[in-house]
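Labels for the chains are A, B and C, by order of writing; each one numbers its residues from 1.
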Amino acid sequence: MRDYFGKTTAVAIALMATTSVAQAEDVEVLHWWTSGGEAAALNVLKDDLASQGIGWQDMPVAGGGGTQAMTVLRARVTSGNPPTAVQMLGFDITDWAKEDALANLNAIAEGDNWNVVVPAALQKFSTHDGQWVSAPVNVHSTNWVWANKAIMDELGIAEPQTWDDFVAALQAATDAGYVGLAHGGQAWQEATFFDGVAMSVGGPGFYQAAFVDLDEEALGSETMKEVFDRMATLRGFVDDNFSGRDWNLATAMVINKEAAFQLMGDWAKGEFLNAGKVPGEDFLCFRFPGSQDQVTFNSDQFAMFSQGDAVSAEQGALATAIMSPGFQIAFNKVKGSVPARTDLDASDLDACGQQAYEDFKAADASGNLFGSMAHGHANPASVKNAMYDVITAHFNGEFDSAAAVAELVTAVDIAK
Amino acid sequence: MSSNATATVVRTGASARFVIYTLLALFSLFYLLPLYVMVVNSLKPLSEIQSGGMMSLPEVWTLAPWKSAWSTAQIGVEATGLQPFFWNSIVMVVPAVAISTVLGALNGYVLTKWRFRGDTIIFGLLLFGCFIPFQMVLIPMARMLGLVGLAGTVPGLVFVHLVYGIGFSTLYFRNYYQQFPTELVRAAMIDGAGFFTIFRRIMLPSSGPIAVVCIIWQFTNIWNDFLFGASFSDFDSQPMTVALNNLVQSSTGVKEYNVHFAGAIMAALPTLFVYIVAGRYFVRGLMAGSVKG
Amino acid sequence: MSQVAKNRRSGNDWLRDALPKLVLSPSLAMVLIFVYGFIIFTFYLSFTDSRILPSYELVGWENYSKLFRIRAWDTAVSNLLLFGSLYIVICCSIGLALAILLDQKIRAEGFIRTIYLYPMALSFIVTGTAWKWFLDPGIGLQTVVRSWGWESFTFDWIKDGDMAIYTIVIAAVWQTSGFVMAMFLAGLRGIDNEVLKAAQIDGASNFSLYHRIVIPQLRPAFMSAFVVLAHMAIKSYDLVIALTGGGPGTSTELPATFMYSYTFTRNQMGIGAASATIMLMAIAAIMVPYIYSELREKK
């Protein structure tokens, strides 16, 4: 944006364009956080920068969990006019880093000890070839179960610890007339189930082999068939209208005591809190049975795009602000996720948030922190979407588990 | 500009007219139903929507969703509503539609009244160009715009829309002018009238209906375009569709459907205005009856 | 114009000859560069290993062979054939019928015309929500009709993998048939009344007036309508995403959503380019003969 300052001004004046000329001290941020809660979280960052005299040029492009924003980004980069910072997830960052589009943040990283406080599993995405290229803002984890406590108490169900317990609980809820599993039939939501189920069936080793290493044997194994079988079981507990439903409407079903459980990442917590529900009293949050020791995560990061040769002062300020302890806590409190640094005091977060943070640190320490396949942190976008296709087709009954396994192997092969 | 022959000379009896009006009314119902759903729900408070009954009239009538959509809804970091983005769209759409329509008319005129060898192929090329999927265009166009320094500017966006609209404008005018008797044009040429004179005096005055169609098409497509508008604008020139998209597609939080619907209707008002105004020119052309045997 | 005569022309006449071509040339140039140039570029890309951005490393037919192994591509193509043909036929029929009806000296014609036209004005980003509600068995038409007493009425097509594509047809027809009507109405308005009056004097019935004179004269309008509808069918992206998101499962995938997904979401631009090339070839296979036959007959 700055490089082209001269050219842009000249053309603008000559053609009387209506775009205003950018000040030298602004950051242009491309993101998709457009709802009230998300904007409040971003405003924390914006105010922080404002206090340093840096303006915020907002470039929001909502839709598809970032799909549209990524398309716009391509156009901006190709036309030589990249934004200063872009909200990005997982492998997208790596893909852009490979194109040499990202700025080198090592100077700032070293100054603030990022190497120490950011878990290795996260660094995999924030760095490329030893260079820091983005600043992680938060960590969401995806292997959660959200439960309506009133229903559980009414039916005398305890927090399920194993898969069989969980199925029994779902059955009990269904028999009592509630919807067992609240679900929104979109591919990514079914994939979120898949994450938890795969982890509980095959454990961390299987997860690593199948989703990260993309090992054909693991993908085509009996274990994988078992995963699909369990997905089919879950299919039996969703209501007839699940297809196409948005995830927050499914959460609303749990909030309104129409459904007993939802399998969703911890952004669901925000819905509960907004509805005035209290964790532990109105709703429960616990790990997917069988994956209690693991955390499958995804992390929103702001990738810094090269604006010239060196990292600009504003980018540096933005990166520092993002990683500052004060911001990390304030932001994540509003957003519902946990900080990306492991050295903070999380007592300001709510009960589920504090549990999440403890799990996060423990998983990091014990090597159980895995990038979520469903949210683009286990394999690149092409593979992730290929898996989505198979998972959702199977969930919607287009083929059975054995065929699904074969499809999965083929799909991943094409996508690599 | 209305002529004394605005409709057909076909005569219809009373029972036929009854059937005609009934059919027209039934179709009106079909077209209006979704609008009814949108309007009715845009005037309800959110609690009523959440309790169901999408077709029922509001129990509590409120204009708050409209106010919100206009000026206080969350679009990004700022809660500005759609208001700031309207002007961005207008500044971009009006030139694009005007230039595209005029060029289309001229092209249609050339292709039908000033034939030369190869003109059919040229028309075919222009026509086939209508089909190019925009996804194929995005990246190379971004590169081209970047090279000439037009990326992220309003003229750049106008240019993009112009390029991809020209095929259609030409199609509409060419097919319409096809029906114009060439004798009239030849007569004028023999009288010594020039290229532009003939266009102004003979072709244009009777182009009302097709100009309306062309303007409606271009205005709608450019006004409602999202992909080019989002990709080729900067943070301060984002068109209204991007803002509407941001309003509606927020991934978390309560979905304020009433605000969404109010916003969508608001966003469509300029286009509807164009339809209504342009409709006055949608009359039988003055060509009819001016050529005898 | 004879070649001999041309040599003796003055500069003025040369300008008069060249002027039409000059007027046409900017459009032609733009289209050649920004449409056909880009088509060639995409064609080239389909043979490369482009992922997130274009790359120029050739990999032969790999993208094409991968494309044909992807399940969703088959679904997308067959959906397009089904959706496209239904959409075009229904829109043209409704459009023509409504145009003829509206042309009958109707009172409040302008008002009714606007009612038919307005659907196109609404961006599908939000109309999609209204339609989704309408089609949702839980809150939409099915619920309303059942509440009126007809208990067994079922209309859950949108949740059914086999039937969901038809809901897209319904929504698409709703959106565009008014515009098709406008095109036919413009065509009708351009027909010379004298010919019709003469036929009436000769005793022709209304039906044969339309059948023999009016409809054949609408042929250029049909061509425009066909081109516009085919274009919309091929480019339907917003509508599909807003209504079904490609679902249930992958049952309402269309080439436009497929192309977008592979090029931008999945970072597989090579495959996206391959699918685009195949789409264009298919369109050419249909459009070129059609355009040729339409254009050849005129003069």
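The criterion applied here is as follows: contacts are C-beta pairs under 8 Å (C-beta built on N, C-alpha and C of every residue); 3 or more make two chains touch, one makes a residue touch a chain.
Quick caveat, the model's predicted, so the values are computed rather than measured.
Asks: Comparing centres built from CA atoms, which chain ends up most distant from subunit C?
Replies: A
Asks: Which chains touch each other through the most C-beta pairs?
Replies: B-C
Asks: Could you give the separation in Å between the centres of subunit A and subunit C, each centre being the mean of its C-alpha atoms?
Replies: Chain centres of subunit A and subunit C, defined by C-alpha means, are spaced 37 Å apart.
Asks: Taking the mean of the CA coordinates per chain, how far is subunit B from subunit C in Å?
Replies: For subunit B versus subunit C, the centre distance works out to 15 Å.
Asks: How many angstrom lie between the centres of subunit A and subunit B, each centre taken as the mean Cα position?
Replies: About 39 Å separates the centre of subunit A from that of subunit B.
Asks: Identify all positions of subunit C at which a residue touches two or more other chains, and write them in rising order.
Replies: 53, 260, 264
Asks: Do you know which subunit A residues sit against two or more other chains?
Replies: 64, 71, 74, 78
Asks: Give me the residue numbers in subunit B that touch at least two other chains, ranges are fine.
Replies: Within subunit B, residues 139, 226, 245, 248-249 contact more than one other chain.
Asks: Once bound in the complex, which stretches of subunit B touch subunit C?
Replies: 5-12, 17, 20-21, 23-24, 27-28, 30-35, 37-38, 52, 54-55, 103, 106-107, 110-111, 114-116, 119-120, 122-137, 139-141, 144, 162-164, 166-168, 170-172, 175-176, 178-179, 194-195, 209-210, 212-213, 216-217, 220, 224, 226, 241, 244-245, 248-249, 257, 260-261, 263-265, 267-268, 271-272, 275-276, 279-280, 282-285, 287-289, 291-292
Asks: Show me the residue ranges of subunit C that touch subunit B in the complex, using the header's touch definition.
Replies: Those in contact with subunit B are residues 16, 19-21, 23-24, 26-28, 30-32, 34-39, 41-42, 53-54, 94, 97-98, 101-106, 109-110, 112-127, 129-131, 133-134, 139-140, 144, 174, 178-179, 182-183, 185-194, 196-197, 200, 206, 209-210, 217, 220-221, 223-224, 227-228, 230-231, 234-235, 238, 256, 259-260, 263-264, 269, 272-273, 276, 279-280, 283-284, 287-288, 291-292, 295-296, 298-299.
Asks: List the residues on subunit A that touch subunit B in their complex, please.
Replies: Going by the criterion above, the answer is residues 4, 7-8, 10-12, 15, 17-20, 28, 31-39, 42-43, 46, 56-65, 68, 71-72, 74-76, 78-81, 83, 246, 248-249, 267, 270-271, 274.
Asks: Can you tell me which positions in subunit A touch subunit C when the two form their complex?
Replies: 64, 67, 70-71, 74, 77-78, 92, 95-96, 98-99, 185-187, 240-241, 243-244, 380-382, 385-386, 389, 392-393, 395-398, 407, 410-411, 414-415
Asks: Touching residues of subunit C toward subunit A in the complex: what are they?
Replies: Subunit C reaches subunit A through residues 51-53, 66, 69-72, 132, 136-138, 156, 158-159, 161, 241, 244-245, 247-251, 260-261, 264-268.
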